[in-house]
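Next come two complexes, and both contain subunit A; in the first it sits with subunit B, in the second with subunit C.
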Partner chain A sequence: MQLHGWEAVLFYVLAFMTLIMGVFVISARIAVHSALFLISALVNVALIFILLRAEFVAGVQILVYVGGVMVLFLFVIMLVQTRAEEESRVRLYTGQTKAVYVIAMLLAFAFIAAMRPAQSGFQSPDATAPTQTSADRGTATGQGAGGVSEDTQKVGSALYREAALPFEIASVLLLVAMVGAVMLARGSKQEKLYE
Partner chain B sequence: MLALLQQTSDFQIISRETVQLIMPEVILTVFGCAALVLDVMLPRALKKVVAWVSLSGVGLSLVSLGILYPNLVNNQSARVGFFEMILVDDYAVVFKLMFLIGAAISIILSIKYLDEEGEQHGEYYSLILFSVVGMMFMASAVDLLSLFISLELMAISVYILVGYLKRDRKSNEAAMKYFLLGAFSSGVLLYGMSMVYGLTGSTNLAKIAAAIPNVLKIDVVKTMTERSVMDMRYLLLLSMVFMAAGMFFKIAAVPFHMWAPDAYEGAPTSITAFMSVGVKAASFAMFGRLFLYGLPDLRATIAGNAADSVPSLPGWAVLLGVISAITIVWGNLGALTQNNLKRLLAYSSISHAGYTLLGLIAGNQTGYIGVVLYLFIYTIMNLGIFGCIIALKRRGISGDNINDLNGLIKKAPWLTVMMTIFLLSLGGIPPTAGFIGKFYLFGGLIETGNPWLARLAILAVVMTVVSLYYYLRFVKHMYIEEETETTPLAPSRVLNWTLSVAAVVIVLIGVYPKWFIDISQRAARSQALKTYSYKAEEAEQPLELPGSMGAPSR
Partner chain C sequence: MLGTLTTLMLVAPEWVLRWTKEPRGNAFWAEFVVWPLIQILIVLFIVLTLVAYLVYLERKVSAFMQARLGPMRVGPWGLLQPAADGLKLLLKEDIIPLKADKTVFQIAPIISVVAALVVLAVIPWGAAWATIANVNIGLLFILAVSSVGVLGLVLAGWASNSKYSLLGALRSSAQMISYEIGMGLSIIGALMFARTLSMSGIIEAQQADGVWYVFFQPIGFIIYLVCALGETNRAPFDLPEAESELVAGYHTEYSGFRWALFFMAEYTSMLVTSAIAVTLFLGGWSFPGLGLIKNQTLFVVVSIVIFAAKVMVLIYLYMWFRWTWPRYRYDQLMDLGWKWMIPAGLANIVLTGIWYVLALPKSRGGVFGLMQLGLRDRLAPTRWSGIIYFVVTGFVITIPIIWLVLAAINRRTRDFNLHAQRQLQIKLRAKRLQKHAEPQAAGEGAS
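Showing the complex of A and B:
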């Protein structure tokens, strides 16, 4: 799918903002600032999802990451003492910085070199369908600009049909994560208590 | 909405055949949950019951795999299930067998180890079972989605297990390092996968393989004034490199091996044993699926277009060749100076990952047999050697320093003999199983007839000789050095019996390898894996050496 006109401009602005915010996340000295920058990076990504007509994913992105995960992050930051690190003159960056620059430049160069001859090489997920521009996609399904997107329905049916097995494996994964969190966070006093 | 309901109702997602395909995993999951519940119910003295229940879960899972297998052979069509998410072929079944055997031995090692540490808890065993569920799905998954999520299931369980000894700083550090680098590598892998999806329009490996020839086509549009080339090969290669990098992290191949020695040293020894065989074998199973089933067309030189001066590009065989050469050399050299047995075995396991990669590079039947056979043998022998280290563990002595082995022959002759067998097998000395595995791996390379691959095989053989130095150092300490520690061993009968069986199996495979070669051959013959002949490539595009240009002079 190719973006045209204002959509393309919007995409580049959002992508650039996401990158800038990402850099701020790791360079901010105060942990709360990092968390706030991360929120704005995630909101930008959600906006890109909307641009791609993936409204459901955008909504989930906001609800889960910005709503759930980030609140958790902020709680952890408030509970854990980070003041010492903020005030001390500990260098955040070690000698690895130069190596990181070199590797990042090489990677960026590799990407540009690979993307340039490929032009618009990425296929639309439904490769058999004729390529539609994003504008006539809405009209084709009989929905105007304000119409209800089919996106959520598609995600739902995929989740319980094609992706039923990975969905079930993911549920085991969540169980494991929960067991692990309890196991690692439990102190020896609590261990005695439940025995 | 109604239309959707009708659509789904005539679509039977869960039929008897498809459930049968995942029965071994379902059984393990149920037992994993049961272990969690049992742990809360049982008093402290009876915690070991959880271990035995988990072990019986592994056993039942093996039985169900045994029942499933003849049905698979008879009924070819029922092998694909859940919207082509999994493919249960011989390859998957053999790997699942390997994981279950590895898990069973690991659980037995853990019983003794956790007794010594005084940390006998049920969650430990349930996490082992869950990670085996992840491994088993990794072997049968043929979709990027199911492959990745099962990889994560395995990895996250193992991260937690590495940090299981909460009060041990080293264990904390190991878990932290392993988790951070593992999460990073998963991200890299996922990035590569997302690009492959973007290029081919599908997450199913079979469909990806079918779409790749289209992606590799080069469109040259010429107009009067300019010439534009549409070439997506670079992008595809880049995504292949990303996926390979993610997998190299998981198998601890050399530029991405830094986590291995620390994680292996800090983890509880029983988990070091489990992750050195299980995680590695499962990652290789996934590696094989991704590259031999999903990206077979990227193996060798990717043809360019000479007329329009578009260059040919090297495929993943070259990448794997370079990586495996570095891995073998670095792993073996790193092991030479180690005094901590777990660190030493970590480096040795890095080099073994390099050896196993050789079979994927060879790309012929012999090489694939080598990969499966070697992983099978490695599972048994590495668990054996770690079992011996755990057997040495007793009050106040961790058993993982090389000096703890001093004069072991006087204290525990049979243990010393078993340890010697495992070490010789790791080194690849003829009457043991390790030799057979290496024979197939190196033989596969030589069979290709490609001079570069033959050189790679020679390098591997030379480094095998180097590896004998550090394996024989164990032997020197056990047989020749004077006893420095007089504390008696705390033997465990179950552990000793298990190790004895493992040692006997190792010798048996070395003497009469037919049965094991047969089952490895079944896996290697699995139709999903594309074999490749380097000779065919040379016939198509004869190498144009400068000397052979023009007619020979008289």
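Showing the complex of A and C:
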């Protein structure tokens, strides 16, 4: 898939920002700052999704990760007192740094080697399917209102037709985890009160 | 992030355009830069003025409800009070606590206000040119961006390095996440009928169906209203800033204009949630008889006025709630969110789905055949028989079933079942007295 013009510029800016933010996540001293940088990285990824015309996925990314998961992260970080550790001057750059560089380079090479054969298989979506952009850009009310928007429809039908079983299994797994957590957190005192 | 991106797109240097060889010219600039900028400026100006006057309105409404006059000194009937307030806040000292995390402390109100203001872009303020951006995931965009607003409160509470702020932030994060779920569930029923996430598309769908979705989705509308109250931290759910317990909650340490930004964010998100409710359930800018106006410009202006009027009715409702009901206790709030709103939302989705599938045309596997293909291949209920079917199922069958479901779930909760709770307390007290009496009796016997 080839990106042209504005899209290419935006893609590279966003990809670069995502990586930079990722580095900041692990190098920040204070846990809340790490969480903030992670939020920036996630927002950048959502913007890349928009660039790839997956608006629904982008919206869900922000809604679930930035608005949900990260708020819970912050919730936990705030409850755990970490101030003392943050203020003591721990050396961040130890001998492990060099090993990290080497492993990161190896990972990058492996990634490139894995992506290369796949790249030739990609086809530009512009060539195969007409996009909706001309209709979406209109400011008049009549446009873009025909039925379900295409991207949302695709996600929905894929989720409920082709991936229904894995989706249900994953949700049951989450449900079990949730019930387990509630049972662990709930003392026997509260149960006794009603008996 | 978003801000950088917008700046980049707006002030992009000439060479990028030349390099990318995109077709450009006056039309390009006019359509994608100049006209949107004008629209943004107009909307921002109007909304921010409106927000200032909402504060005035809130003070007046509260005053009238308590048989007072409210602000009267600045201008006629105190009409210039917002300007005086704004000036005062601008001139106040900007205090940053010594032990606060300075950067986060400064960013937090900005996150809060940006999340509230970005949403304004996709709200259909009126017909035709009064809709700024018709994004095809409009509603999801609004939910996503406004969920980011929680971060502002949480970070403000943490960065202030004060226990009241931190407690307020913890409360607000728990509350907003809980009520977001109920809010997300409540809109799905209406979306089933609209079959689109685009805000203008939802209004058009209601025009095509000839009925506002509040009549199809009474339960969805009620759940949405309650959850929107929780989401905007308004009374009776204003626990994050409960004055009697937490001084001012997450913004205890803020002063001057940073504090005003939080205030602005709160009132803007009130406006936004009301606008969503109007769009989704109350037909947006449409109104019976609006089609009679033939002049295009007049039509758009009247549509804007109708939308604003509907939004103001809901906002007045919010203020009415605030000055009528006492604040919930924290566990009551969580009970209401998790044991009432979320089960009701889920039950509403299931029941609406059943009514919808039953009403499908017989060729698509339905039973009653009360729907037909309408505008742009969208399934719409048939005039009158289909509409009456959905209204009747929505009011007469859905509400009692959900009532039963909620009663079954909450049979044992404390605050919503006062009689059973009282009996339980009496029983417990009797048991305690008995236990207390036994050793005494035993002791007396020994002596």
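Everything that follows uses one rule, which is that the second predicted complex is superposed on the first by the 133 of 195 C-alpha atoms of A that agree within 3 Å, B and C clash if a C-alpha of one lies under 4 Å from a C-alpha of the other, contacts with A are read in each partner's own complex, and residues count from 1 in each chain.
Keep this in mind: a residue touches a chain if its C-beta (ideal position, glycine included) is under 8 Å from a C-beta of that chain, and two chains touch if they have at least 3 such contacts.
These figures come from a predicted structure and were not determined experimentally.
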Touched partner set for A:157, first subunit B, second subunit C, both or neither: first
Partner chain in contact with A:113 - subunit B first, subunit C second, else both or neither: first
Comparison of subunit B and subunit C by subunit A residues contacted: C
Partner chain(s) touched by A:169 [first = subunit B, second = subunit C, both, neither]: first
Subunit B versus subunit C as contact partner of A:9, first or second or both or neither: second
First (subunit B), second (subunit C), both or neither touched by A:184: first
Subunit B versus subunit C as contact partner of A:67, first or second or both or neither: second
Common interface residues of subunit A - those touching subunit B in one complex and subunit C in the other: 194
Residue ranges of subunit C touching subunit A (in the complex, touch as defined): 1-2, 5, 8, 16, 20-22, 31, 101, 104, 107, 124, 127-129, 131-137, 140-141, 143-145, 147-148, 150-151, 154-155, 157-159, 166, 169-170, 173-174, 176-177, 180, 195-198, 200-201, 203-205, 376-378, 412, 424, 428
Residue numbers on subunit A that touch subunit C, as the complex places them: 4-6, 8-10, 13-14, 17, 30, 32-33, 36, 39-40, 43-44, 47, 55-56, 58-60, 62-63, 66-68, 70-72, 74-75, 78-79, 132, 136-152, 193-194
Touch list for subunit B against partner subunit A, complex: 1, 4, 8, 11, 13, 22, 29, 33, 36, 40, 43-44, 81-83, 85-86, 121, 123, 126-127, 130-131, 133-134, 137, 143, 145-146, 149-150, 152-153, 156-157, 159-160, 163-164, 166-167, 197-202, 211, 215, 229-232, 234-235, 237-238
Touch list for subunit A against partner subunit B, complex: 110-111, 113-115, 117-119, 121-127, 153, 157, 160-166, 169-170, 172-173, 175-177, 179-180, 183-184, 188, 194-195
